[in-house]
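For clarity, chains are labelled A, B, C and D in written order, and residue numbers in each chain start from 1.
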Amino acid sequence: MSMTEHSSREALALSRLYHDFDEEHLVPLWTQISDLMQPAPAPQAVPHVWRWSALYPLAARAGRLVPVGRGGERRAISLANPGLGGRPFATPTLWAAVQYLGPREAAPEHRHSQNAFRFVVEGEGVWTVVNGDPVAMRRGDLLLTPGWHFHSHHNNADAAMAWIDGLDIPLAQYADAGFFEHGTGRVTGSATPDLSRSERLWAYPGLRPLSGLQDTASSPLAAYRWEHTDRALREQLLLEDEGRPVTVSQGHAAIRYVNPTTGGDVLPTMRAEFHRLRAGAATPVTREVGSSVWQVFDGRARFVLGEAAQAVEKGDLVSVPSWTQWSLQAETDTDLFRFGDAPVMERLHFARTLSGPAGQ
Amino acid sequence: MSMTEHSSREALALSRLYHDFDEEHLVPLWTQISDLMQPAPAPQAVPHVWRWSALYPLAARAGRLVPVGRGGERRAISLANPGLGGRPFATPTLWAAVQYLGPREAAPEHRHSQNAFRFVVEGEGVWTVVNGDPVAMRRGDLLLTPGWHFHSHHNNADAAMAWIDGLDIPLAQYADAGFFEHGTGRVTGSATPDLSRSERLWAYPGLRPLSGLQDTASSPLAAYRWEHTDRALREQLLLEDEGRPVTVSQGHAAIRYVNPTTGGDVLPTMRAEFHRLRAGAATPVTREVGSSVWQVFDGRARFVLGEAAQAVEKGDLVSVPSWTQWSLQAETDTDLFRFGDAPVMERLHFARTLSGPAGQ
Amino acid sequence: MSMTEHSSREALALSRLYHDFDEEHLVPLWTQISDLMQPAPAPQAVPHVWRWSALYPLAARAGRLVPVGRGGERRAISLANPGLGGRPFATPTLWAAVQYLGPREAAPEHRHSQNAFRFVVEGEGVWTVVNGDPVAMRRGDLLLTPGWHFHSHHNNADAAMAWIDGLDIPLAQYADAGFFEHGTGRVTGSATPDLSRSERLWAYPGLRPLSGLQDTASSPLAAYRWEHTDRALREQLLLEDEGRPVTVSQGHAAIRYVNPTTGGDVLPTMRAEFHRLRAGAATPVTREVGSSVWQVFDGRARFVLGEAAQAVEKGDLVSVPSWTQWSLQAETDTDLFRFGDAPVMERLHFARTLSGPAGQ
Amino acid sequence: MSMTEHSSREALALSRLYHDFDEEHLVPLWTQISDLMQPAPAPQAVPHVWRWSALYPLAARAGRLVPVGRGGERRAISLANPGLGGRPFATPTLWAAVQYLGPREAAPEHRHSQNAFRFVVEGEGVWTVVNGDPVAMRRGDLLLTPGWHFHSHHNNADAAMAWIDGLDIPLAQYADAGFFEHGTGRVTGSATPDLSRSERLWAYPGLRPLSGLQDTASSPLAAYRWEHTDRALREQLLLEDEGRPVTVSQGHAAIRYVNPTTGGDVLPTMRAEFHRLRAGAATPVTREVGSSVWQVFDGRARFVLGEAAQAVEKGDLVSVPSWTQWSLQAETDTDLFRFGDAPVMERLHFARTLSGPAGQ
């Protein structure tokens, strides 16, 4: 048998082997390993900026054209990361959307195992009713609806309102962990109190009700109010001025929203933070395993993502995929809300961070 | 050998054996077990009430007669449980004292491994400086100086001020775990700000500075202000009126002071709580392993301790030894501060509680 | 304007809105919610049985046709769940493969953030070298190579050997958390000791080296030997015979492999268990959030998956997707190895289980 | 008024004040602080060596003279630290005793909240029955009877047997946390199996029964056998010879006995360890907050305690009070058992250790 004959017989045998693998629902690792196990994370998701100036008018148009109610459930418009093939996912783990509710509209009650929060970049007048507890939504507030809590929204004002929804929908779908259930049709909390019952019970620094001594996976506090966030950040910067090392880096104050029963993240799958940079301040250049989404709350900054930089301003939303190099440089005093899947990476021990000196 | 001879020889042998045990620093268990291992805790400490009406004038007399300074360190007058042989211990684990500081007086800086807090039943004008951070003390506040934090006190007012100190001195002494060190002579924080730096950094509901993500054994929050405690309790009772099951029992609201980094007790060895009972309300009849000390902050109540009951009112201090049956019945609306060694009992898995229906 | 005109204008406006959404990388929730948020998990992965009688000969053919070495790295043939579009994933989170190493062959050293284990259904003669520590592989053993541990394999025998690899490759890929690095070309541990250094240090019941007091995310024990597993299961059934309630259900003994530093799962993302059913015994009918893979180690059983049942025997591998109803009925005494993503579901608080009476 | 008059009036006022303090059960801190808060722990307990050569014959004499049975409960002879005023306490927190059981004798069943273990320096033939499970006692074994577990002992041999009991009796007494209850008169487990049921269920490296997934405060494993301890230590020294850094210090191997459900200490209040020093090896010079008791299991060593050194040999027991400087120098190969209150100090955050270079 010649060399040629030999190698053509080998090629044939290999081809038959691969065919037989296929028949038996088997795949050889050796042809796939370079895709499956790359030197460092190579996300399909890409860094992307969604402009509030485009988003909000589209939401308003939807407000005129699309009713809200049982079935569609929410008038929410999802960010679809351009790298993720049209799926409505901001990153592989995170769902982010603008939800729009017209004057006197309501979104029906349901619950799901997916964890959710709302963050309000502007406006007020809507109440989210969480397990029967009406929670006012106002500019700068973070509102929680942890997994399997019933919730609905009703707009009590004569103006429309829009806000950001953040959920772990992609993660729950990936993990085949999603459950969903409709609530009752009737409104379970039409009242419009300034403070929810949850806050009246839990929103005190370092105080825990004796009736609430069991730790919970998600925070029992339904609302984190802007007045506290704003003041915490302001004080950090004042303390920095007084020479105290309490900021993350020079001119960069930040807080994490936490579950008061544990001091840990507000939801088991999502971290939420608020950052304030003074004009001219910059964050370190950072890469992290895990993805996040930022929203500019106020001000104007340069967001450096990999090699590119973009100017961002109030309302703009930015996706930062895993292991993407990022940094922020504030042009004016800038406030930013951030959420991400860091608790997932930490709990699974996949977390890893590289952080260099502040960028320019 | 007769029976008599035999038994007298035995007695002699036994007597020699016990003598030889003694020589070798040995003790037979069988003669001691009924003391060492009783059916249930049989504390030497007794329930006792110290009257504010007696305590405070004595503290004031000490203010006139005894200087405060290096050596004596503090003008503190300790509660000595009548069952504990004159030692200055409120219970086997807890030290409680009235500290009195005259106008413009100061108590020098030191630190110790013993954990400490202050609770203010009345007055204001003193600042406790904790690791250089001046912390104002005002009626109803709980102030912490965790183990090994430097601290001093200075009275900035023209009136004297008195408050309660709580420490784990007896426990640290028992465990041979006490370390003590003088600080500098110079005042490390003569400023008199309304809010300490610690509060400016930490006193927000559910917000954690990004510079403070390491959990700490003791709370990083130096002051728990009365306005928050009072409001938390008021809201619990209002929520009870609205039909929400958020109180401990009917007419009995309560909060635990907690470490915001963990949701657990403020200090590793001591628990602190505040209770509010409506006039006519009563607690369940309770026995707990572990001891505690109560101080009436306001109002008038009947404190049932074992078989006896005592009327208590503002400022009165009450020791409740381990496994002592206790209950409270409020004659007027009554506020009470409580601290105890429950974290010790829980961490060592000695905790046990029996709780019956509300007493009368 | 007629009704028709009106509705055709509306349709046009809606169509334009959807077009504009698309331009801006936005997707409306209301058209997607029924897919994104289903009443209960609706996995794309399907229950499937891979037959050892087909798998093993294919692996042997690969052994003759495909070399093993740097680049392809491993002669591993992955289970590709028929529901997952040809991707080499046994379930959405789990990778499972048969690895085959010919006489005197070696697979080169590398490391990756993905966690891995091996389970040996038959054979011996290969050593996995983990961070320089040679670990013998023998029938019934579970061997660990936690994330970022260097590892290679070398066959010291004159016969080929095959075993099962389990990794969290799909999860790490999904989460964009994968890192990979080649090791040195030289063999780092050609020795062939009976016991690895890891076992000499850690494989004692309830003993922990004083040099190993730091808890670790993954188990420091590299090998869980069959002799221990077998004996633990045998004793459980004997104890059951003696009237002790130590089995999971009648005739069903089981152990979980655990990290001796914590008592928790061996790897942060994967759980491993071994189950023994007496002939005639059956497990409860169960649904769980999270997926798993079973391998029959010995015996013959009926595996009921949803509505269908299949006979399984030695070496057969079975995928059980999330929320799939499953039960097992042993025809002979049956031993089964199981691994799954339960730690992921538990750590993210997505875990949920329904368990009925034993099936028939 | 003259100076003399003035100061004598002051002295009188002060004397009256102190008298009035006393009347009201109050004690001034300023006269006590130097005792209460010393620069470093100043234990009343002293380092002391109890000689086995004295202890054992005394236990045997007690065996002839004192019956064992209900009331006295145990023929146990307690170490009474010479610094602790004749109380039967080896240290402030630890009780240690030699228990002696004659041929065919039995000690009746009881239970108590105090945690207990036995360690066997020599002999065999006794079974401790723990919650109905007979646990054989043999040379080198550590046996547990955690708090509130019923237990009795019966000697099945024709020879007497003696062993060491360790309990947290002083701690439970101090904390007023002791509960005690008699068991039934009848023997609850007269069987004499080689292995207890507890071991048959739990004594496997890294395997956990699926019926035992709840973590427990105390170890569910009733016996830690000498064969495992011995082999673990032997392997550590062999690994050291092979160049692996697995020993505590040169020539010093050590294991901690742990609870397999958590990897933590076997009992919530006591730590148990076993140390092996090669002839000529020495430990670092160490001071620790917390006390411990050592027993020489085999060999001969020099025990340096503070300034003094003592030769110790098989069976000798040594108390090491808190913050006492200690080190060990092995004259021959030496094995030592150690137990202490370290879990208490760690859980209460009083732990502190200073460790210098190896002594000579």
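Simple rule for what comes next: a contact is a pair of C-beta atoms (placed from the backbone, for glycine too) under 8 Å apart; a residue touches a chain by one contact, two chains touch by 3 or more.
The structure presented is a predicted model; accordingly, all values stated were derived computationally and were not measured.
Engineer: Can you list every chain in contact with both chain B and chain D?
Structural biologist: A chain counts here if it touches both chain B and chain D, and no chain qualifies.
Engineer: Going by average Cα coordinates, which chain is farthest removed from chain A?
Structural biologist: For chain A, the chain whose C-alpha mean is farthest off is D.
Engineer: Determine the centre-to-centre distance between chain B and chain C, using the mean Cα coordinates as centres, and give it in whole Å.
Structural biologist: A distance of 52 Å separates the two centres.
Engineer: For chain A and chain C, what's the span in angstrom between their mean Cα positions?
Structural biologist: A distance of 30 Å separates the two centres.
Engineer: Give, as an integer number of Å, the spacing between the C-alpha centres of chain D and chain C.
Structural biologist: Centre-to-centre distance between chain C and chain D: 43 Å.
Engineer: Could you pull out the residues of chain A that touch at least 2 other chains?
Structural biologist: Within chain A, no residue contacts more than one other chain.
Engineer: Looking only at which chains touch which, which shape fits best: line, ring, star, complete or other?
Structural biologist: ring
Engineer: Among all the chains shown, which pairs meet the touch rule set out at the top?
Structural biologist: In this structure, the chains touch in these pairs: A-B, A-C, B-D, C-D.
Engineer: Spell out the part of chain A that touches chain C in their complex, as residue ranges.
Structural biologist: Those in contact with chain C are residues 10, 13-14, 17, 20-21, 24-33, 36-43, 45, 48, 50-51, 54-55, 58, 61-62, 65-66, 68, 71-82, 86-88, 92-93, 95, 97, 112-114, 147, 169, 171-181, 217-218, 268-269, 289-291, 321-323, 341, 344-345, 347-350, 352.
Engineer: Could you please specify the touching residues of chain A with respect to chain B in the complex?
Structural biologist: By the definition above, chain A touches chain B via 197, 199-213, 215, 219, 221, 224, 228-229, 231-232, 235-236, 238-239, 242, 244-248, 254-263, 266, 273.
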